[in-house]
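You will see two complexes here that share chain A, one where it goes with chain B and one where it goes with chain C.
Right, the complex of A and B next:
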């Protein structure tokens, strides 16, 4: 079986990714049109075809799962960074912190 | 410049043959990297495995780049699966 993998590293942590046990499909959670568009009557005209029952078909489905995992992981990190950024901004503006910015980032 | 590209992601996609990984690599390579101060992407082949190396200034930059490249790789895989008859007459 052809199994795609990924390895992430940054100054704040490392992470490895594998598609896992499945089931895997080509219809990714993070690559569809948004729920807001669907609820407004929108139609996804760019839906992927189903995976064929071949090695490459299975690879495409597993790669879609891996893509979902990577997207969710990185989105979470982006949101966490945003919260931390907002907190630093709030403390600077609302609490009148006048020390080193690096001290705030460490807390 | 490279000091700021400290968010890294290595993607490994194994194919059935060396030839398929070569085709995938050659299909992806011509795409120019926009905002090269924020992102660097390298495509390599390790036998039958396509290796994509992303280095970026932030998680946001990496996320946009990998999702885009994975979409392209899925299209490449689908083309091979659909059209490659595993004969030399195709994809030569």
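Right, the complex of A and C next:
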């Protein structure tokens, strides 16, 4: 069976992703229509087709799960970076920190 | 001398077949075109075997966002390709090349579609041909209307340009300095909360027919260029006054209240007058008497009518326009322009298929013409 995997590497650590046991569908959590469109009364007529009961169909579904896992991981990371970034900005501007910027980032 | 367009034909075959994929904005289009060997002419014209399209539609008052538009394209592309091949009664192995829109356009939608193009190219072992979206419009317009060497007015949701051909380039004579005309119309449609089905400009056109009062709007032609953001800001303000009931605008002569229909009418008349003016100026410069209107806004009958009035005052003048099948973004124009490119030996290696949001019309070397 074809199983997709993904690797993420960065200076702070590496990460591997596998689809896991499932069940897997092509209807991913992170690939839905935007909230802003739903709130404006938009209906979703662009759903992906369901996965066929074939090897390629199973690959499509597993890939969607993998994409979800990746998206969630990256979103979390971006949020963490943002919180850290906000903290640096606050210390620089509000607390008058005047040391090296790289020292702040390390904390 | 004419350019030899037959040296890349498959041995023993008397024609070329190309698949075109378009997805630079809110439409995904796939088409299959056939060129018989020899120069294209009125007796040997390109054959449209299929031209399938699906439009991402948003609720009234909303524009199309890149993320959701790209999702629409991703989720429909396979079904539309299958449909286009079925209608054309061809299979992947019959094709000569896969053509795709390389730019200009919205990044995310462009990227979704190029992935489909790359996949098909590798699946069927076919060369890829990146196509400039504007060139697609121009070449398809020339093919359908038979206009030989026109001044091209390219008006759509993302582009507003006056173009003329000279020495293997389509050169831009005038263009918008800020927003595109279709964008101006679409955004005003959002202000009025007009439905986006079939498309906002069509609904504005229908409302404009009922308009009676011409509201003065800024007229902003800058030489051969034009500017539309100020006009939009101005008319948006009038619409807000009209809706809120505070100082509602009235017609200066009759004192009658200004309606949404009047605003649509006035916006169309002002914008299209500006387009006619810069087109006529370009025609005088290049001493041409043909006008070809392409792009989604080109399907507007009032624009065609106003352009006609200008053109018929010029000696031997003629105007060429296409209907919505070819005006509005479609896959067949990408197949057609891409195939012309392919027939002169221009293809893209896989590494060179990256899409670009900025891709000017005059960057393309028009190898298939030498007049």
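Here is the rule we go by: the second predicted complex is superposed on the first by the 103 of 107 C-alpha atoms of A that agree within 3 Å, B and C clash if a C-alpha of one lies under 4 Å from a C-alpha of the other, contacts with A are read in each partner's own complex, and residues count from 1 in each chain.
To be clear about the criterion, contacts are C-beta pairs under 8 Å (C-beta built on N, C-alpha and C of every residue); 3 or more make two chains touch, one makes a residue touch a chain.
Owing to the predicted nature of the structure, the values given are computational and were not obtained by experimental measurement.
K.L.:
For A:3, select first, second, both or neither according to whether it touches chain B, chain C, the two together, or no partner.
P.N.:
Only chain B is touched by A:3; chain C is not.
K.L.:
Please indicate which partner A:48 is in contact with in the superposed arrangement: first for chain B, second for chain C, both, or neither.
P.N.:
The answer is both, since A:48 touches chain B and chain C.
K.L.:
When the two structures are overlaid on chain A, which partner does A:74 contact: first (chain B), second (chain C), both, or neither?
P.N.:
In the superposition, A:74 contacts chain B only.
K.L.:
Check whether A:11 is in contact with chain B, with chain C, with both or with neither, and answer first, second, both or neither.
P.N.:
A:11: touches chain B, not chain C.
K.L.:
Of chain B and chain C, which one touches more of chain A's residues?
P.N.:
B
K.L.:
Look at A:84 in the shared chain and tell me whether it touches chain B only, chain C only, both, or neither; answer first, second, both or neither.
P.N.:
It touches nothing on chain B or chain C.
K.L.:
Examine A:64 and indicate which partner it touches, taking first as chain B and second as chain C; both and neither are also allowed.
P.N.:
In the superposed model, A:64 contacts chain B only, not chain C.
K.L.:
Would you mind listing the overlap between the chain B footprint and the chain C footprint on chain A?
P.N.:
Of chain A, residues 31, 48-49 contact chain B in one complex and chain C in the other.
K.L.:
Which positions of chain B touch chain A when the two form their complex?
P.N.:
My answer: residues 6-16, 58-60, 62-63, 66-67, 70-71, 73-74, 77-78, 80-82.
K.L.:
Please output the residues of chain A touching chain C within their complex, sorted ascending.
P.N.:
It is residues 31, 33-34, 36-37, 40-42, 46-49 of chain A that touch chain C.
K.L.:
Considering the complex alone, what residue numbers of chain A touch chain B?
P.N.:
Touching chain B from chain A are residues 2-11, 26, 30-31, 48-49, 52, 54-57, 59-60, 63-64, 66-67, 70-71, 74-75, 77-78, 81.
K.L.:
Would you tell me which residues of chain C are touching chain A in their complex?
P.N.:
Checking each residue of chain C against chain A gives 56, 58-59, 61-62, 65, 67-68, 71-72, 74-76, 78-79.
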